[in-house]
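First comes the structure, then the notes that go with it.
The letters A, B, C, D and E name the chains in turn, as written, and every chain counts its residues from 1.
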């Protein structure tokens, strides 16, 4: 019963919040509603018994990602409402509606099957965090490590791209080649 | 409390990880070297990268086919070995293009090479797994690195390219994730061999077709983006144009090989299961892609952009072979890209040596056709070599791409798709026009502007690379046999 | 009783909302928000399927999607920063030098 | 000298590569020397050729891609022997007569590569190798037309390339399909023609494959309505380009019909007789009329080529030794005669820089030698007995008469309409008073031109009077091919239509 | 004997090549002399062969070498010297030797003197090949060879410009040459078809084998073969409707007209019919058609000659008319008579032409007989020669023409074809009239040429001497009729008049003679005392019709030449360029345009790209949904 109430409440709220995210002209509103929506999604996770995921959702999304976005927003000075020449809403709603229709139809299909045996079954007695931990560090250790590399890549990327060195473009600067030649000449001397 | 899990080290089959591990560790080493001593020359890093990749290549060679490792996440079958070899070989061939006589922004970063190696590792993971999670993670690792590498060229075009590529990539990721979710919902698994098993038993359940088709379509949208298939190709020309020539050339080959492996595993599975619909859709997309790519390439003013469209068209060719789902068809994918790689390496290297820091011929383009006008008078060997590459791309025998084309067409004919082979043939004829256009400019027109700028960026290492590409392009006839027999053996051994 | 389909339908709706955002947004930052929405929608689907199959794989996938989303934000914002430095704007309509 | 064929194919290519080193001023002499050596090599081939052997000789086979059935497979028989010799001869003659100031070195190198591809096409017995040389031959020609041609040269060269390329790709699909069938039946991949000959295909397959090969060959021939690239190519090409194009490249198409279509698809060929004959007749009459309407001398010769190719096509589909042998001979004759005619047009173009006939008139008075040679070639072109042109045309018509008298009569109008346009060219340019002052001081043939034209005149007469040495090997090979086709044909109609020569029957 | 055959055959070739060597050098008299000598050699050899054949009665077969051998087709260079061919050889070599010698004088002032001899000898060689060949292909070689030489010789003065048809009915030598060649080619196609029919039904082209196999062939094949061969003959012998070229061919130098367009080449058609007599005698319908056409042409040509003012054209029409006679004879089965008339005609017609040449030479190439008159004073010998030849032509006894022509007319009577007989008789009268109209207008009456400031003079002596053999032959050839009959009927079918005709022979001869004499008398009355022009007649319809050759050349120009040129132009400009080529270019342009169109989707705007991607995905999803729902 609680589950039902929570589900419908969360559903309605997320839909509304994400619609605001998508429709709002104000970055701040959009971002705030996005953050709130994500919190609510973690609520879904809790309902579904994926507590660990819910926590990660809160930490990573609401914590890290939204923080990043806020910083970015400040950097881009995007607090004021933004003038966008949005794509004609007819097309947007048509496409969005269509995709919603098709996806809903698809998911309305009897996807669920009783016959499917869980490959990595949950153990309600042990708790979600332990379950996740065991699977993550056995079966999904490799993706986990690769994800680490991915994060490293993202970090390096962020550092480089936002770094000062990017301010002077060697790609278009012909003088750097001169410098090099001069240095070579110096060495020769 | 749960039982602690005991796993023996042998069962993990760690060797399957070794090649990627080398690349990742290599990337880390480069980062460390930079920490210890700054301002080392790019040549060092290029050579280090090559060395690391060579070791990587060697390790891939040493892998045994049809093994699984690490809780079955890693899949080392013939396809993954072949594709990894191609990925690594492609990387080895393209990275020395950094050794130009002029300095370009990205090569001044040691991180460039680290990212490059991580990217290679990412592609290798894509190729060496049938787990949708690892595929996605590998894909993202590689893609994120690639976006960065593009942006690091550091001029407004490359940012634009990176943004376009990135944003569309993010959308594609969403499609991929949604598709995987549907697959997961259908089968309770994201490991393709499990998926195939479960799906085959569920295939006859009523009302499920829509979900099966839907899952395939969502995954197809995501991979079609990577493979630059119509109508998901729109990024390709802009990104090629914005990226530096070596990277553009690289993008036209290596990521596509990785994406083809994934497509092969996913759509091969669908077709194998008897979902003919997927084959039809892929064929339609393939025909549209090769045709539209071609006719758009006809009207380009920039050689690099033209090559971008042409590589779209080539991808259309190959994806048609994929849809055939025969051993020959699958072999032809790799054969085609192996042969295409050499030619494209040469073509993009030629663009790269002619790269000038300023756009002296056109405001919008680095490599307008006019730049190559009368190249025969300025740089006869260069013109001849470039013409060879163009003819090869056009599919004139005996140059390398011809053998790829003919094998693809043979595969189509063997699978009973003669009309497809004819469409391919006619498309090749259309394609010949824009390749010829460059040849015409080089051989039959008078130079437009001063002479020196055309090979502004030339250096000895690049000459070696171009020489290699030329030899590989011209002499294809002599190594096609071993390639075919090896690829065919590996691919049939892995059951495709 | 709330079944799997309910969750999936919510997921589908959210995915479509995200898609609409991607379609209509011209500001890159806002566009990124929309992609986040799409990924989150998928996560709901994974978590729900995982719950109903009593299988952990879905949660794993959702977990990795979160990681990917985070990395994408980092790289994406990095690119946006260089772009903003150069262009002074995040408007897509001003980002059309390469075309045809 | 077992590998003389390889030598023939690759000698010019290697010489072409080495040619990059040769000094610009000496390039021409180098080219002539190489072409001469190549020509003598081909003559040696003839000398060593066994006239009584109707099959392939000097066969060389090296597997290149065994998994795919591609091998380096060369051989020569009576049909290809003389086309090869003609190719080397015309290259030599063209090289001698060449009158190009710009970039002569590039021209020489290009020609040598072209020679390789030409010889290669006629000697290959592997479909893929054949296709390889076939396609490769487009490239040097593209360059020759495009770099040394007239004002529309780029349009013309690209049109030439793309048109033929398009057709040959369809043909390639056909080849792949044959290979597939071969693999299906035998389990072995092979593109070797001799293997393919053994295939007996159902008629429906034959028809489709015939159509695929037809497109490839027909565009090259060029058959109506695929001929429109030819006037542009000829009109824009430099003399040497036209000579080679008309003399050799067009023959690739007709040679392809003889080498591929007939023996591989006998039933389909028999079914195709009527449509092809109709197209050929259209080619003969229609293009002759178009030729008559031309104002440009070279265009007349260009269209006349199409008309003559119609005769050749007709003979190939006569399905008897007279017709096919006549066609092969006519290929040689057309090669030499039209090559010579193009050279002759080049002669006047070099002097006056125009090819418009209304600019001339009365040239016979000013340039008697030129007029004489032109007249001889003209007569050969209209098929005067005792010139090379008659033998082929006569054999073709007599051969096709057995198929359809009515169509033969229609095709036979070629001797009338041919005379109409050729004589009108001659009258407009050579007869009448000298009206244009610019023509009054024209030089007659110089030494270089004489040296290059006189051998052709001699050949025209020699082979017109004594064609036996050439006809005999052709005859043997064609007869063998026909009896083979007859055995292979499935349908009764085909068996009836394919006429095995009595002499071959007696041997059996 | 073989050697003699080769000498007879190749001496003219040697002569031609020898003269050809000097073809581009200035005039060399010795070239003419050597050529004539070689022709004399050929003539001697021919006559010796004739004697030999006469003596032994056995034909000589010579096979020089193989020419074409392909499939089952085998064609050698084979020659036969039998009664028919040796007759022809004799006629050809005699006339050509005379013409060669004559030409030395006639072409005296022409700077292309050497070239002329080369062509002329080449013609003789071709003609010899034509008559001597023992197979149809060899015949065709000669057939085409003489065609080319005729082309070369008609167009000998190629430098003359084109004129309008009113100024010069044959426009220009080069035009006339082309016309002759092309018209002949039309007929040659028929001949080729005949050859093809014979080959595919007999399997050989050797006369002996073909004729031996004829009885096995069906009637339809025989008829078509005969008809096709006769079409060939029609072209070469300028039978209606392919006759226009012959009068235009008079543009050539007069010796050429004499040799080619009177004595030898034009009779090749007759020769063909005679040679292939086994075939024609088996096809009575075709033969009758030949006879009827011959008769018609005889009459038709004679009618045109009545009013013509051109010296050479009159003779040309008369040639045409006489060819008609020959065909009539051949068609009626009297092959030997045809051959006899052929020989006789060759002599007197060559003589007539050469005489006309003298006149032209004297008159500075003036040809209009209305501008001549009274030339007999200045040109006595020529007058005698031409008068003699005209008498022979008119069929006045005892000259050659009488015997041969009379025999033909008698044959027509004998065959019971009265209409033919009447026409032939009337034609004989017309022949006499126009011949003497010409003679009188040229040699008698007032000296009209003086008004044009011309000073005529007689031809060189040696030329006149050289003409004497012809004159003698024209005069006496008729007496050999009996001998000739015995000689050739060993090969040719015998033709004897029936008893009935034999009885009437004198009467018939008298009727013909009456007509001939009547014609001469009429001519004498009208023209012997100078030209009296009659405006009314000249403007009459009939006169104009005849003077304009029944408007046939105009008609041909309007319905053949002009439409052909127009259609050709249309084919090129409208069909080839606007349809065929434009389609090809259109496809290319369409592709290029669609490239331009589709590249618009590449706006450069990321938002559009994302839209495309989303559209792609959604469309695929919708297709997926639809196809899943529809099954």
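For this structure, a couple of remarks:
In the analysis below, a contact is a pair of C-beta atoms (placed from the backbone, for glycine too) under 8 Å apart; a residue touches a chain by one contact, two chains touch by 3 or more.
Just so you know, these numbers come straight off a predicted model, no measurement behind them.
Between the contact lists of chain A and chain D, the overlap consists of B, E. Steps from chain C to chain E, minimised over paths through touching chains, total 1. In terms of Cα centroid distance from the overall Cα mean, chain D ranks first.
Pairs B-E and A-C differ in how many C-beta pairs touch across them, and the larger number is found at A-C. Averaged C-alpha coordinates put the centre of chain B at 25 Å from the centre of chain C. Between the CA-based centres of chain B and chain D the separation comes to 43 Å, rounded to the whole angstrom.
With centres taken as mean Cα positions, chain E sits 36 Å from chain D.
Distance between chain A and chain E, defined via averaged C-alpha coordinates, is recorded as 99 Å. In chain C, the residues that reach two or more other chains under the touch definition are 4, 8, 11, 15, 18-19, 22-23, 25-26, 31-32, 45, 50, 53, 55, 57, 60, 64, 67-68, 71-72, 75, 78-80, 82, 93, 95, 97-100. Within chain A, residues 87, 91, 95, 99, 102-103, 105-107, 111-112, 116, 118-119, 131, 139-140, 143, 147, 150, 153-154, 157, 160-161, 166 each touch two or more of the remaining chains. Contacts with at least two other chains are made by residues 133, 137, 140, 144, 147-148, 151, 154, 163-164, 167, 171, 178, 182, 185, 188-189, 210, 214, 237-238, 299-300, 433 of chain B. In this structure, the chains touch in the following pairs: A-B, A-C, A-E, B-C, B-D, B-E, C-E, D-E. Chain E makes touch with chain B in their complex at residues 588, 591-592, 594-596, 598-599, 601-602, 604, 606, 608-610, 612-617, 620-621, 623-625, 627-629.
Those residues of chain A that touch chain B in the complex are listed here as 102-103, 105-107, 109-113, 115-119, 123, 126, 130-131, 134, 138-143, 146-147, 149-150, 152-154, 156-157, 160-161, 165-166, 169-174, 176-177, 180. On the side of chain A, the complex with chain E involves touching residues 87, 91, 95, 98-99, 102-103, 105-106. The touching residues of chain B, when paired with chain E in their complex, are 163-164, 167-168, 171-172, 175, 209-210, 212-214, 216-218, 220-221, 224-225, 230-232, 234-235, 237-238, 277, 281, 292, 295-300, 430, 433.
Residue ranges of chain A in contact with chain C, taken from their complex: 3-4, 7, 11, 14-15, 18-19, 21-22, 27, 30-31, 34, 37-38, 41, 44-45, 48-50, 52-53, 56-57, 60-61, 64-65, 68-69, 72-73, 75-76, 78, 82, 84-87, 89, 91-93, 95-97, 99-100, 103-104, 106-108, 111-112, 116, 118-122, 128, 131-132, 135-136, 139-140, 143, 147, 150-151, 153-155, 157-162, 166-167.
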